[in-house]
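Have a look at these structures, which come just after this line.
Look for subunit A in each of the two complexes below; its partner is subunit B in the first and subunit C in the second.
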Partner chain A sequence: MATTTTRSPAATGTTTAPRTPRRRDDSRLALLFILPALIGFLVFMVWPTLRGIYLSFTRFNLLTPPEFNGMDNYVRMVQDPVFWNSLKVTIWYVFLNILFQTILALIIAVMMQRLTKRTWLRGIVLTPYLVSNVVAAMIFLWVLDFQLGIGNKLLEVIGVERIAFFSSEAWVIPTIAGVNVWRHVGYTALLIFAGLQTIPETVYEAGRIDGAGEPRMFRSITVPLLRPILGLVLIITVVGSFQVFDTVAIATRGGPVDSSRVLQYYIYDVAFGRFQFGYASAMSVALLIVLMIITFLQYRLTRASTSDLN
Partner chain B sequence: MRFTIGRAAAWTFMIIVVLLSLFPFYWILRTALSSNNALYAGGDSVLPVQPSLGGFERVFGTQTGQEAIDQGGAGQEIFFWRYLLNSIVVATLITVGQVFFSAMAAYAFARLKWRHRERVFGFFLAGLMIPTIFTLLPNFVLIKQLGLVDTLLGIALPTMLMTPFAVFFLRQFFLGISSEVEEAALIDGASKTRVFFRLIMPMSSAPIVTLAILTYIAAWNEYFWALMVSYTDKSRVLTVALGVFKSQTPQTGPDWAGLMAATLVAALPMLLLFMFFARRIVNSIGFSGIK
Partner chain C sequence: MMRRLKVGAAALTMALLTACGGSGAGGTDGVIEYWLWDSGQQPGYQKCADSFARQNPGLSVRISQYGWDTYWQKLTAGFIADAAPDVFTDHLARFAQFADLKVLRPLDELGPTKDIQDGDYQEGLAELWKGQDGHRYGSPKDWDTVALFYSVPALKEAGVDPAELRNLSWNPQDGGTFEKLVAHLTVDANGKRGDEPGFDSNHVKVHGMSAEGSGGSGWGQTQWSAFTGSAGWQATDKNPWGTHFNLDQPVFQDTLKWYFGLAQKGYMPTYAEIGGANSIGTDKQIQSGISAMGISGSWMISTFTKLTDENGKPLEIGIAPTPIGPTGKRASMFNGLADSITTLSKQPENAAKWVKFLSGAECQKIIGESGVVFPARPEATELAIQYNKKERNLDVTPFTDQVKEKTTFLFPVTSNAADIVALVNPRMDSVYIGSDPPSSLTRVNDQLNDLFKVVG
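Right after this comes the complex of A and B.
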């Protein structure tokens, strides 16, 4: 691995520190201090990123060295109906997940700010975030079980027909989106809540003196002033949402048929089920590009860098 | 505070949110303490039906195979203590290593004077743009080449040395510490290394502990990477073990009491940690705390 560390311009930059140290120059000590982190950064972030892109142009089964095969993986990807289906499933998931999560989190955050700022309430709302995706999936497999789940029993009590949450093609993605909303909504609400704290209380007092009610203040004060923060929150949650894997791996393994085969699960399947690391890498690159485009567009659309408070 | 319809509606909404957040936790406890066969017999009680510790006994392997099968389990041996220990080792390695090495780097970026400092820092920050998921496959190939597949070190290593977030987070705090104290110590003849360990680290203990808690939780809950690297009991952590336990349970008529007992065991350590540090964790989630 020693050869990889010299590839980066930054690494050579720090090692060729000036020969004539001024009194206040800490180059040698600084190198010592950043060395472990720099090795971690180059070996486990920079190198894998470059290698992931390289592997996407190869045929690689992990046992024999990768063979360069040009654009073959990308051609295959464009022609692979399962890939397109998994992209579609992923986008549908992200749409539902982000829509419900953001709306709910916004309402919860505003209520925490306007009703009570008690820490215990924020603590309770955050509790689901403390358990893993695996635990969340297990909980809802049981709660929403078709035969025995309390969710379906309650539906029956109120006169609605039972729903095969995890095993019907129409319901599986909304259900997985819902499970992840349950786990992440509190965290998202706290992020938005932190943003709300930056709006000075005086703005609300002024609104009250002018006779504005809570709904009016929400529309005319909270939303416009919160826009840049909402933009940042959206970028973070959308990028996170695209990486959905755990819930699918535990609860459905991509089924029924391919209706919950999200992109990341398909990539995992191709890599570890069929040992086609080259093709899996090509799909990872596609996901990376999608994520970068989305980040860029969202950043532009929400104008996340500017604030109306200034 | 006067009473209005809007206020009442808002409180009702919040009460529903609180119930939805907490009810599932009660329900796993209630199911874990029930007897599995009684659950199938249609026990709808809010309390455990035919209270039994059978679920927990299957999780900790204190039942014989035949007993387990009779009560609806898979009858295969599992070693939850082992997985619990593995999770503790992995999360501790990641937390101690990542926080310590990131703090050293953050100090170099915040306080030491060297050429190309800002450029290297910018390079680190660019790392925030790379979704972790993209590096997983190539990192697996690397861990395999290093011969670390199916070891605890293999699971911990990629995040043990740094994350761009940790470096960024700590650098912000170090920048905020007044340099006068530091100057005074330097004039008294202390070396910069000594200043870092004896002055900067203790003065930043609050953000360092906060970062450590958040890192520990994230490491504990990680599933995808651990799933790639661990194959056998030797390196299996709780999240992966829970997935395996679930896939072993009878497909028709799962052992729900056992599964929920396992789920509770996997979730409990972080819930306990949260009980102790709730205020700190809740207050740390803001815009400096974005992960």
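Right after this comes the complex of A and C.
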């Protein structure tokens, strides 16, 4: 973990190596270094994306060759109430997940920076992230089980009625969002923490001299200067949040009824459960477009590419 | 967070890769790859495999066992990646889809299995495995029916004579003697029974009847099928390969209204209580004392006999037949497994020899004597009854009598099976939860009928 909180930008500026006068053409070497990643990118990202777009215009069951069927899949998608419901459920999930995760992560990150310098304490924050999604889902499934879960036993002890966390239509999405907040909040906090490191200590010093308290400095210094990083973190977490899958696949399989049938799970079910790869591809393309629009908007709204530090 | 999709993709790739681990599709050099999902059946079939290898020099069988969910995922991945086994255990709920996808080899076109006769097996079993094209795609290996499993201590505590359970009847109006018993076996948090005044249906400690979910993914086999069946209802216009559905019929909707009403009355666990997608089965509900009795299948007999109480002592279990319905008869779904050969197999004739052996008298006898399932051949079924009587002191005739007295109806085999489950299951959950009335199933029925109009 980084412990360079107090280093000023001036200090780092002087350590850059002097430039060689004659510029060599490094592009061949650069290409060689990029190659392994590029092959992966082409084989596992670009090619499947293009093929997915092509398949979205076909009827394809994976075992017989695809048949071109024009816009049929897209027409069906527009008319499919389950698709629209899954989109609604996904957005509700993303909203809850991102809202709580970002607020909590921001609080944790600021506390990590301003209140403690202990590495082990900072390390602990990240531990839930080391647990795999599947394991986290399994554990919470047991903890929050209606009959046998220790979570519900505790609720009973403090005199609250048991809650059917994973098996009631109202609770299931907040519960899944909560499980994933638990797992990802440390990681998000770490990203924000890294952003906090870039804010020069001198600004805080100036604030302190002017008599500002911690809450005031948080409002007037930390949040505005953190904006580019926060913008980036939001883009990463929102895109990731839209792709929620494993927690649903393990804990609820889309139920009760359709109340946790998020888009990714619906796509998976249509593709691998019902062998309708054409329609599943069409929905994946729709998700791709939604994500592109959201990312673009976020990028513009948070002005993530510019900084207020200069 | 970006990892989520990647983890899923990685898991899938792993499944594909591990499936590729062998030497392409099926076995080579006389090694026949055979898959099954029930670990309880593996020892019996291993005996069959050893015997097969002795009788057929140069041939041997390699058995792989995977849990239910993994099994079907691996099989699907295997079909795609050209790594499927030669022979696999097939289920009626999946068979139609595989037939649609044309990954099964017709058994009547292979030498050793050409002469399989319908009459060699329990009546009706073999016909289920014929495709719409008339070809035979599965060779029957076992069969199952459902019955009531009950906790003997729970009955004793309620002062109920187990003999009473042999003559229960139900109807969709007041539930009949069956509902009376269920109510009596239900106990609330204050110790009041379900048929006593002051019974608190919101705080129930023991439910008279267990619940295994809404039954939307398997035509209510261990949920409501015994009731809809004994009310005279059939899921489709004909079976197998029906194309018109009957979920809109009043007899069906009235039965469901009564059945799921048991949950509202506190006599049966609610959807929220048994935990939706990951619900615990009747066996666990009886063991943990959440329920006193419940419907389950004959494939669960050995699981039930191994249950223990909280002191670690064996829990005494009894079996009773499903109640008599408005038709004046009992009913049980009649379902069975079969062995199918994949089109990917490079040695179909050898595979067919193994399939023939599996459904033959010798192997069926071995399976019958292992007491895990009822073999498809009538004479081997008798061995399973004897085994349970002698080794487990358990009377399993409530399962076999349904077959003997011809009160069974067959599992509805249709095309588009996966789509049907995707449409029916969420709506059936909704009825179980109580957020929609059973009459809402009429709309689903229209959707099911539409599925077949598109194809036809």
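Definition applied: the second predicted complex is superposed on the first by the 269 of 310 C-alpha atoms of A that agree within 3 Å, B and C clash if a C-alpha of one lies under 4 Å from a C-alpha of the other, contacts with A are read in each partner's own complex, and residues count from 1 in each chain.
Quick note on the criterion: a residue touches a chain if its C-beta (ideal position, glycine included) is under 8 Å from a C-beta of that chain, and two chains touch if they have at least 3 such contacts.
As the structure is a computational prediction, the values presented were derived from the model and not from experiment.
*Asks:* Please indicate which partner A:Gln264 is in contact with in the superposed arrangement: first for subunit B, second for subunit C, both, or neither.
*Replies:* In the superposed model, A:Gln264 contacts both subunit B and subunit C.
*Asks:* If we overlay the two complexes on their shared chain A, which of subunit B and subunit C does A:Ser220 touch? Say first, second, both or neither.
*Replies:* After superposing on A, A:Ser220 lies clear of both subunit B and subunit C.
*Asks:* Between subunit B (first) and subunit C (second), which does A:Ser241 come into contact with in this model arrangement: first, second, both, or neither?
*Replies:* second
*Asks:* Have a look at where A:Ala37 lands relative to subunit B and subunit C in the superposition and call it first, second, both or neither.
*Replies:* So A:Ala37 only meets subunit B here.
*Asks:* One more residue to check, A:Gln298. First (subunit B), second (subunit C), both or neither?
*Replies:* After superposition on chain A, A:Gln298 lies in contact with neither partner.
*Asks:* Once the shared chain is lined up, is A:Trp47 touching subunit B (first), subunit C (second), both, or neither of them?
*Replies:* first
*Asks:* Please work out whether A:Val134 is in contact with subunit B alone, subunit C alone, both, or neither, and reply first, second, both or neither.
*Replies:* Both subunit B and subunit C are touched by A:Val134.
*Asks:* Now for A:Pro256: first (subunit B), second (subunit C), both, or neither, which partner does it touch?
*Replies:* second
*Asks:* When both complexes are superposed, which of subunit B and subunit C contacts more residues belonging to subunit A?
*Replies:* B
*Asks:* Once the structures are superposed on A, label A:Leu62 by its partner contacts, choosing first (subunit B), second (subunit C), both or neither.
*Replies:* It touches subunit B and subunit C both.
*Asks:* Where on subunit A do the contacts from subunit B and from subunit C line up?
*Replies:* Residues 62, 132-134, 141, 145, 148, 187, 236, 239, 243, 245-246, 249, 264, 268, 272, which sit in both footprints.
*Asks:* Tell me, which parts of subunit B touch subunit A in their complex?
*Replies:* Interface residues on the subunit B side: 6-7, 10-11, 13-14, 17-18, 20-22, 24-25, 27-28, 31, 39-40, 44, 101-102, 104-105, 107-109, 112-117, 119-120, 123-124, 127, 129-135, 137-139, 141-142, 144, 146, 157-162, 164, 167, 192-193, 196, 217, 220-224, 227-228, 239, 242-243, 246, 256, 259-260, 262-263, 266-267, 270-271, 273-274, 278-279, 281-283, 285-287, 289-290.
*Asks:* Can you tell me which positions in subunit C touch subunit A when the two form their complex?
*Replies:* Listed in rising order, the residues of subunit C that touch subunit A are 1-5, 7-8, 73, 76, 79-80, 97, 101-103, 271-278, 280, 288, 290, 418-419, 422, 426-427, 429-430, 433, 435.
*Asks:* Tell me, which parts of subunit A touch subunit B in their complex?
*Replies:* Residues in contact with subunit B: 1, 8, 10, 13-14, 17-18, 24-27, 29-31, 33-34, 36-41, 43-49, 51-52, 55, 62, 107-108, 111, 114-115, 119-128, 130-135, 138-143, 145, 148, 150, 153, 182, 186-187, 190-191, 194-195, 197, 214-215, 229, 232, 236, 239, 242-243, 245-246, 249-250, 264, 267-268, 271-272, 277, 280-281, 284-285, 287-288, 291-292, 295.
*Asks:* With touch defined as at the start, can you tell me which subunit A residues reach subunit C in the complex?
*Replies:* Touching subunit C from subunit A are residues 61-64, 132-134, 141, 145-148, 164, 166-169, 180, 184, 187-188, 236-237, 239-241, 243-246, 249, 251-258, 261, 264, 268-270, 272-275.
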